[in-house]
Structure formats: structure tokens, C-alpha cells
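Just below sit the structures, each encoded as C-alpha cells.
You will see chain A twice below: alongside chain B first, and alongside chain C after that.
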Partner chain A sequence: MLMFARLAGHDSIAFGGSVIGLLSLLFGWLELKPNRLAAGTGLSMWQSAGWLATAIVIVLWLICLALSLSGGKALRAAVIGMAANLLLFANFAFAGLTASGLLREEAAFSRVSLGAGIWISVFAAYLLIFSARQKLKGSPLWRGVVSWSGLLAVALLLGLGWLNDVSVVQEFMGNQERFSQELVQHVLLFGGSVAAGSVLGVLLGIWAARSGIAEKPVFFAANVSQTLPSLAFFGLLIAPLSALSSAFPALREMGIRGIGATPAVLALTIYSLLPIVRNTYLGLRQVDPAVIDAGLGMGMSRGQVFRRIELPLSAPLVLEGIRTAMVQAVGNTAVAALIGAGGLGYFIFAGLGQAAFDLIMLGAIPIIVMALVADAAMRFAVKAASPKGTAVPGQ
Partner chain B sequence: MSSPRFRRWALLALLAAGFIALVSAMKLWEVSLAFLFPQELQVVHPRATLLVLVWEHIQLVAVSSALTLLIGIPLGIWVTRPGGKELQPVVASVTSFGQTFPPVAVLALAVPLLGFGLLPTVVALFLYGLLPVVRNTIAGLNAVPNDVLEAAYGMGMSRFQALLRVEIPVAARAIIAGIRVSVVINIGTAMIGAVIGAGGLGSPIIAGLVQDNIAYIVEGAAPAAMLAILADQLLANVEKEFAHAPDIIASPA
Partner chain C sequence: MIRLEHVSKRYGNTVAVDDVSLEIETGLVCVLIGPSGCGKTTTLRMINRLMEPTSGRILVGGRDISTTRPEELRRSIGYAIQNVGLFPHMTVAANISVVPGLLHWDKKRIARRVEELLALVGLDPYAHAAKYPSQLSGGEAQRVGVARALAADPPILLMDEPFGAVDPMTRERLQTQFASIQQALKKTVILVTHDLDEAIRLADRIAIMESGRLVQYDTPEVMLARPANKFVHDFVGADHALKRLSRIKIGGYVKPAATVRVNASAQEIASALGGHRWGWVVDEAGRPVGWIDARDLPSAASLSEAIVRADTDEIAVARTATLREALSRMLGNGMKSIPVIDGQGRFLGEITLRDIETATAEAEP
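== the complex of A and B ==
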């Protein structure tokens, strides 16, 4: 490993990614299962997709490997990045085609799922994309293309039905209505909670920054609630909420019950408070008092100083807090499926209950993608809110 | 012995003793849960006593956290040394990227690879726990001021001595902050481990949800909340022991 790192010279990330990518070919690339629940047999890429496809993939990895050894110009980074995206696309495209071919020859209930090899090459491709992104800081357009083109191409494959014979997609087809319902529910749960948490958190953060009395109790409460395990937090809300709901029929009619969305939204909102309160507080505290004085000296009122100076200057940090809260909420919402709140966690826990691995994937993969998308979108927002020439928080 | 420090540890010891006494008193739980939830025929989960469940939970978290420390801290140290410095960007990006993955999803994906039970839970907790530890170890060591290092070398210390006697003590607070984040997340994720048969305090909650028994849920949730707060406070106290070090605190996600 040490030797590899030395060899790698300027671009150890891309080098490591290419090596991992090549090694991924040694693992099972697809898995053929006699039915939805049975264990499968692993097939390597050349056994299942044939030599031509394997050769194309190997050549692409080798190109990346060679470029990674030749140093770090922006153009080379762009080529590595595009090759990685192409690899991402090629792996899924070949997998889709191969799965269809395999299923034609097999018995009716057979399934073809993606093997460890594909997931490892996805990881390797993203290492390459990371390294390329780092070197493309100067050109946002290329950076965007390198970051997203492969993902979009795979999404396109999905949309065009090329991956319809891959088991996770088959699982999706079987649960299509349920999937869109739980997807919407997941977004509503975490989006609503983070929205509520943002309003409440910013207000609490302002209060904590302004009032000496509020500072300690606000942070204590936010810290303690953040520490609670999500399942325990949901559980602790069930008993009081169901007592409330049975005591007051009006509440029950409003849909407030011990299990379901009510405890989920309540807990998720409280969870999102700490990062937002902390960052609002830090954001307001870091504003240079001289700037505030300047504003007051120009004849601004206290309210104007707050709106036109303090708020814009602390916005990047506040948004960074919302980013943390949001990524966390996407994951905690998955747990909320256990208390009957729905969301994509439903598929994870239903899959775990039936030992149906494809069903687990049907929940877990979109949740991960959702967390990544929320993270990227919020990072973009943080950047957009940061004044030019200042450090961007969290990056 | 400074007085606030003594008070911190004394309070923690008291809370810990209270917690152990509370989870040992099964009779107390039975009586109070039966009082709170008269509608439930059975109020404590028959599989195991609370003390056993707490012990299972602590073991699960302790084993995976120990693995995390054994691998994570040396990894963080290695990528800040000249020999491994080239890999620092990879390790740093993978850890920050990995932290975006929801822990539940990591646990769920461990099942198709490793089956059900203890093993996938420990592996998922270990992997997820690595991220804040590695990240904070790197951040802590990178934050050691250069002139401090120069002074150490100037005094005739070898690289290894400087690491052991200067860098690690200065970075200790950041490293412990990372361990704290890691352990707290792991206590929470270990709760979900009950779904895949890893036992622990999640099991009465899951049983309660399945059988629609609120008493079981409270029986699991209340001690779990206390355990998490205790562990967090314990590590907060350890962190404060290194309060002289620079203030680099991990954000939880």
C-alpha cells in the first residue's frame, strides 16, 4: 500500500480508484438466483457479459490508471472524470443487457441481482470523480458535468427500461404504487420536519445569541435531544401521544395518534434543532461588531441592521446547519417506518422481515441517493449564500 | 483536584450508579409500567431482564467502538505522516462522503452481505463509527501548530516522540470529540440492530411495536435514552480533561 501511494505521485485518489476498479472485476459481478428469496451464485463479468464488454471496461480503467500517474492538469482531470462516468454508465448498461439475456434462458422465477463487483466499481468510479472534481475547482461547468453526468445516464437507463430485468428494478415494478407513495411520504416527513425545525431553530438561535439567560438552557435541551437514539425518541413519544389522543377525541380526528406520522414529525423536528440553533448562534456571534457599528452609524435602525447586515452575513452558516439537519433527517425518517409513519424505511424493514434482499435495496438505495442529493443541494445553497471572497462553511 | 472537575465526575458516577440500580430493579418497572398502562396484560418483555438487555447493548457498542478506535486512530495518524500523506485527500473525502450515508441504510445493506444477527450489526456499527473518529483524528493532528512541532524537533525529539508527546496530546480533545459522536451514533444504530436479531435495548421496542404493547416500548426506550445520555456525558467529561487543547469539535453529520 505504501509503495502504491509513492508510485501514485500527484493523483493518489485516481490511482487508488483505478486499482480498486480493476480489482472489482475479480468479484461476482452479477448474481443469479433461482427465485426472489433464495441465495444466488455469483457470476464474474466475463462469464456473464462476455469478453467484449469486459475488455471495454478494463481499457477504460487502464486509461484512468495511466492518466492518474501522469499528474494533475485540469484537462487530464476532466478526461478521468468523464471516463469514470462512462464506466458508471457502462457497468449498469452491460448489467441490464446481461440480466435480460440470462433471464431469457432461465426458469420463470429467476432473478438477476447486482453483485459486489458492480458496487465496488461504483465506489471506485466515485473515487475517480472525486479526484477529478478537486482538480476542476476552476471551472464549475466541467465540475458539474463530471459530478452528475454518470448518475443522469444511469437514471436515463432506468427510465428507458434497460435495467428492467435487474432484480431491484423488478422489485420496484412489483411495488410501483407503494414506492411512489412511500417516496412522497419520506420527502414530506423529512422536508416538513426540517422546515419546522429551521424556523424554530433559527428563532431559538437568535434568542440564545441575544439573551444571556437563554443560551445555556437552549443548548442543553438541544444537545440532550440530539443524543437520544432515534428509535428510543420515537418510542418515548408514543405513550404520551396515544394518551392525549384517547383523552381528546378532537385531536384524534385531526389525525394525532400515538403511532404514525405525529411522533415521527415531532421527533424529527426536535432532532433538526441542534445543528440549526448552533449554527445560527455561531453565525450571529461571528458578525464583526465593527460592521454593526458602521450600520448603526449610517443611521440604520436595530431591525435594519439585523435584516440587512447580520442575517445575510450569518446565512451561510445557518444554511450549513440546515444541511446537517437535513442529511440526518433523511436517515432518521427511515427509522420512523418502524412506528408506522411510512416512508422508504418501510421497504427496508419489510425486506428485513421477509429476508428479501432486493426489497431492502429498494428502500436503502433511494434513501442514500436522497441523502446525497439533499447534501449536494444544500452545499450549493451554502455556496450561493456565501459572499464572494469569504470562506464557505463546511467545504 | 479542582472542584468543578470533581463535581463533574461525582455527578456522572452518581448518575451511572442510579442507572444501574434502576435497570436492576425489574420489580419497580413491572409495578410502575402496570400502573401507567393498565390495559396491557404483560408489561415487561419476557425475553430478558433489562440488566441483560443493557449489557447486550453495551457489549455491542463497546466491541464495535473498540474496533473503530483500533483501526480509526492509527489510520488517521498514518495519513498525516509523510509516508501516508498522499492518501489523506482520499481518506478525508471518503469519510466526509460516507457520513452522508444514513446509518440505517448502512445497517440494512450489511444484511445482504453478511446475513442476520450480531455480525452485520457489529460490522455496520464499526464502519459507520470509523468516519467521525478518522475525520477528527486528521483534523486534530492537522491543527497542531507548526511552531509547536518545530519546537519539539528543536528540543531533539524524534518524529515518533513528537507524535507521542506533542501531537497526540494536543489533538486529543478533537479525537475524543470524534469518539463521542461515534459512540452516540452507534448506541442509536445498535437499537435498530434488534430488527436483525442483534438483541439489545431495541428488542423490547420492536416487540412492543409488533405486538402493539406500549409498555414494552417504554421499557426499551427509557433505559436506551438514559444510556445514550450517560455515555455522551462520560465522553464529554473525558473531553474536558483535555480542555487545554484547541477547540475542534465534530459536527454530528
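== the complex of A and C ==
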């Protein structure tokens, strides 16, 4: 046992991921249902995809397991990372193939959905990818490949129609128009609120950093708004907005009502304020006062000090705040569907209502992907904005 | 050049600067000194209008500074501070270029100036121009701070503890270097410090302050010899005589002395010593490497055995050093005389303990 613990200490995240990956084979891999809503029968991987596919997956997990026990060189991390991406790809590729095969023999309304086993594998694969990323700090290229190749490969499978017989995709086909409409709405809701939150948050942050009077109330408000659960917040806004809208018909004509996009954008904007205000404030306050004193003493105007010193030195932290706000807003926007604002949350709540798991996934998967992409894009922006000679925040 | 007339600065009930009048002549170094919180920084910062006096006025070059736009005034006054305040996101070259840039110099002229200044403060332009402040040592950063303050060749330099944030050895080196730069450039300098040795080493005039008031304004010699009151007396301490020594350069006290080559023959030694008991031994390059005692010669098996070898840097002092350094070197090595060397380390002559005693007596102003 001691020996086991010592070995596992080499890379416990990758080790855990590999074990979870192997255990995932014990769960239902695909689920065959007579129709969209009925309960299905779970099928293990070897029952549905056959022994060859199962053997390939097991070998890949075993390779990861072995490597996770053999220490943390960058090359090994790259191999583990690539194997994990391959596993991601293989699981979906086999699932697509198998689904098509199964459906050929079944009745017209039958569905094949992805079972718990696949989702557990995805989780396990990302544990491996996460641990590999940590060890690949030195080479951005490999880091990128390890982070994204599996996801891109699955996207490619989707694009090629390989997964068309998987129930989530069928759900998508059935709701294609609605899907693109809600996707656009989601992006607009979350993009608009984060944009508004960024402008307002940066201004409030500057104000709080500059004025001793503003500091306390600004942070109090931002902190309180952050502690409210998002649904409660949406609800709280319904009453005053409906009152406003019935009192002033002009507002109603502009689309300002108690439910719909207005309260959603308002709540999401207020939500995104705290991280942006906080980071703007910190960004400005962490600038060494001696640097500002030197700038003024050398004859820079107050505006020049702001533009040429404070702005470039605080930009990375401000962007880091916007990144947090963005990732948070992508998820919170899903809740906005509950007050009639639309967005991908619509599918989640509709799916919950109908107990249609695939419909839930149709909403949840793009939200997760959007959060990942927004996070990666903003991390890149933070790095790009960090002046040479200073540290990159959050790294 | 700079005139403060009854200048006061109050913060609420605190009087940071209390009715200070002071005139600083062109080309001189005026050191503001006093205990922490006595108003030195406030006084300095009123001269470039980073602070406005509550009452009184300040003239620079005969003109009341409150009539000049602050930014314009500051671009004509160099400013260096204890925490250096280099812009961390700009290279050394970009840091130095700020004021010339604000004054719209053309690019070529700025580049030439950066090179010139880095060389002036003893940094290799090729090695340092493209570095970021985080890549510099404390001493290098302070040098760049001084270079930046000198960038647009301002006639006036304000320095607030510019050598404060480095170790004592580096500080001494920076002070020596600053003294030689100042000798060449002849700026009008106001330097704030709380380090009396620094003041005595660098000042042409010392202004000593106590809780906002100017207590005495004199040359260092006068201040050491005739403190205006008990506060100044206590501040400069009991070792006046020793402190005065650090105002006097060795140069005038160097005397010729007998030298012997490392590889000289017995006969050459005898003629070189010419009846003296002691002689300095120099190597081929002319650097003192030890000494010889005539009485050891007969008993020594060979000439090289008779030489008492020593490290040049340990026994010798530079001609540019002060009598205080010479004295400390003598006491440290237990010698009554030590060799004096030039910039290349070559022997110039010697200085004796007796000379220093004489100098101490003469230096009484």
C-alpha cells in the first residue's frame, strides 16, 4: 500500500484520470431507447462497439496509467496528453459508428444516446489533459495541441456527419433553426452584458481607485450583487421593471419589460461588474507610487501619466477581470432563459421539463465549449497585453 | 539660481515647512539634511511644483515659478528619487528618453543622448539600453535613475535620497561617481539625505532642518567647526575632526618615497633606499606590491624572501580618495604610511600619519 501511494505520488492527477477512465468501461457506454423520451437500456462498450474498439481504448488508458507512474518529464506529459485527446476522439468516433449500426436494426423512433460511461471518459480524458498542460508550460505549441486537438477532432466528426445518429445530434437536427436562434441570442446576451459591464466596471474601478469616498460604496455594491444567486437577482428585477414599463408606455415600446432580455442584460451586467471593478482597482493601485511620482516629476501631464504608465501597467489585470466576468457570464446567461430572455438555457430548461436528457445536453455542451473558448481567448489577450519586463497575472 | 523666500507648507495643523528662506548659487550642490519628517522632501517637491507652498514664493533663475506651467517647469528640472521609479514596462533606453521625448527631440538626437548618458553613469550602452528595469541590480537602477534625470541636460537637479536604496558599498561608489559627474557638469543640485557622511562628501552647502525650520545653512567645513546651536552640534556628532577629514583630498599631501623593483639586485636596492630603512616594492607595471625593510636584507637568503608582500588594493589608496579614507586604511593595516596610486594602480608616492595630523590642525576654518 505504501509502495502504491509512493508511486501514485508521481502524477496523482494523471493517475486518477487513468483509473477513472478504466472504470468508466464498467458503466453503460451507450443507451438504446425505443423513443426520444422513454427510458433506455444501457449497453457496455464491448457489447455495443465490439472487442476491438474496447481493446484499443483499454490499451490507451493503460498507457496513460503506466506513464502517470513513471515521473513527470515533458515528453511523457505530451504523450499522455495526446493519448487523452485520442481517447476523446476514439470514444466519439466509435459511438457514432456504433449508433449508426444499432439504429439500422431498430424501429424508426429509436434513439441511441451517449451513456454515463462516455461522459465519465470525457471527464477522465480532461483530467489527463489538465495534468499534461501543467507540465508543458515550456512549450506553448504542445500546450495548445494537447488542449484543443481532441475537441477539434470531435467537432470535425460532427461536421462530417459522423455523429448524426447520436441522439444529441438528432435533437439538434430537429431543432436546427431554434438552435441557431438561441445560440445567437446567447452570444448577444452574454457579449452585450460583458461589454456593458466592462465599460461600466472599468469606470467604477478607476473612480474607486482615485477617490477615497467612492472606494467603500463601490465595493459594497459590487460585493452584494455578487452574493445574490442569479435566479433571485433576475426575479428581483422583474417587479421594478414591470412597474416601470407599465408606468411609462414609451419604455415598453423600447422593449423594456419585467421579463425578457432587459432584466437579463441588466442582471448579467451587474454580475460582471465585481471582477472587473476589483481588478481595475487593484491594477491601478498596484502601480508603484514612486513610478507615478517620477512621471509627474519629469513633466508628464496627469493624462500622460494615465495613458503611458497606469494604463499599460494595469491593462493585464483589467483583462484578467474581464476574463473572469466572461466565463461566469456564459454560464449565468443560461439561467436567463427562465425569465424569457432566451439563449441556450432554453434547451436546458425545456429538456429538464420533458426529462429529455439529450435536449439538456444540446444546451449544455455549447455553453461549456463557449466558456472554454472565451477563457482561452482572454488568457491569450492577458498575455499579449502584459508588457515585456513585467509579470503576466494569473500565470 | 534658486531662491526660497519665506516658504511655508502646512497640512492641516502640521507645519511641514516653516518659513524657510534659502538661496542656492548656480553650479553648487546644496544638501538638505535633517531627521526624518523634518520637511526635506516637502521643501524639494515645492521647487518643481509637485507641491505648492502655503505661503512664500520660490524663484528659479529670477522668475517666480508659480507663473510657469508645472509640466514645463518640471521638464527643465531633473528629478531623481530614492525608489528610483523607473517605468517597469519600458526599457532602460525608453526610460531615459521620456523627457527628451516630451520636449520633442528628434529620434536620432535622443538615441545619441541615451548612449552618452549611459556611458556617463558608467553603464555599457550596448549591454544595458535594451534591458528592462527588472533585469537591473539596485545600483544599476539608481544609475539609470540619475541618467534619466540628466536626460534633457537640465540646469537644475533635484534628488531625494537618490542613493538611499542600495548597500553601503554600492552607495559609496555611486556617491564617488556622482561627485565626478558633478565636477564635469556643474549642475545646480539640491540633494536630500539623512546621511551625514553623504552630505559631507557631496555638499558645497549644507542646509540642516529641524521640524520644518532651516537651522543652519553653511559650507560643510563651517557647519562642522561652528554648529549654530545644540541641535546641529548633536546632529553632526562629536567626531567633527574625523568628518572634516573626509572633505580633504589626498592629492596635496602625497610625498615622494623610495621604491624598489621586484627584481632589483642587492646593489640597486641599497642605492634606491639611500640610507632609508623602508622602501616600497613595485612590480613591472609600477604597482606597489609590498615593502622591504633594509635590516632584513643581510639575513635573508634571497631578495624575494626579504619582501613583505601585500595586496595593492589593500594597502594603497587612490589619489582621489580623502584623508579620512587614508586614515582608515592606515589604522586598518596598522601602518604609519601607505602608498598612493593613480587610476591605473601605479605608485605615485606615499602619505603618512603625521601628514594627516598636520592636515587636521590646518583644516580648522
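Couple of notes before you dig in:
Note that in this section the second predicted complex is superposed on the first by the 384 of 395 C-alpha atoms of A that agree within 3 Å, B and C clash if a C-alpha of one lies under 4 Å from a C-alpha of the other, contacts with A are read in each partner's own complex, and residues count from 1 in each chain.
Going forward, contacts are C-beta pairs under 8 Å (C-beta built on N, C-alpha and C of every residue); 3 or more make two chains touch, one makes a residue touch a chain.
All values reported here derive from a predicted model rather than from experimental measurement.
Once the two structures are superposed, chain B and chain C can be ranked by residues of chain A touched, with B on top.
Of the two partner chains placed around the shared chain by superposition, chain C is the only one that A:312 touches, whereas chain B remains out of contact. Once chain A of one complex is fitted onto chain A of the other, the partner contacts of A:352 are limited to chain B, with no touch recorded for chain C.
When the two structures are aligned on the shared chain, A:219 is found in touch with neither chain B nor chain C. By the touch criterion defined above, A:301 lies against chain C but remains apart from chain B after alignment on the C-alpha atoms of chain A.
Once the two complexes are overlaid on the shared chain, A:148 sits clear of chain B and of chain C alike.
Residue contacts after overlaying the shared chain place A:207 against neither chain B nor chain C.
Comparing which residues of chain A touch chain B with which touch chain C, the overlap is empty. Residue ranges on chain A touching chain B, taken from their complex, read 2, 5-6, 8-9, 12-13, 16, 116, 126-127, 130-131, 134, 224, 226-236, 238-239, 242, 258-259, 274-275, 324-325, 327-328, 330-332, 334-335, 338-340, 345, 348-349, 351-352, 355, 357, 360-361, 363-364, 367-368, 371-372, 375. Interface residues of chain B facing chain A in the complex, by the touch rule stated above, are 36-37, 83-84, 86-87, 89-90, 93-94, 97, 100-105, 108-109, 111-113, 116, 184, 187-192, 195-196, 201-202, 205-206, 208-209, 214, 217-218, 220-222, 224-225, 228-229, 232, 251-253.
Residue ranges on chain C touching chain A, taken from their complex, read 45, 48, 50, 71-75, 79, 81-91, 98-99, 102, 132-135, 148, 158.
Against chain C, in their complex, chain A makes its touches with residues 288, 290-301, 304, 309, 312-313, 387-390.
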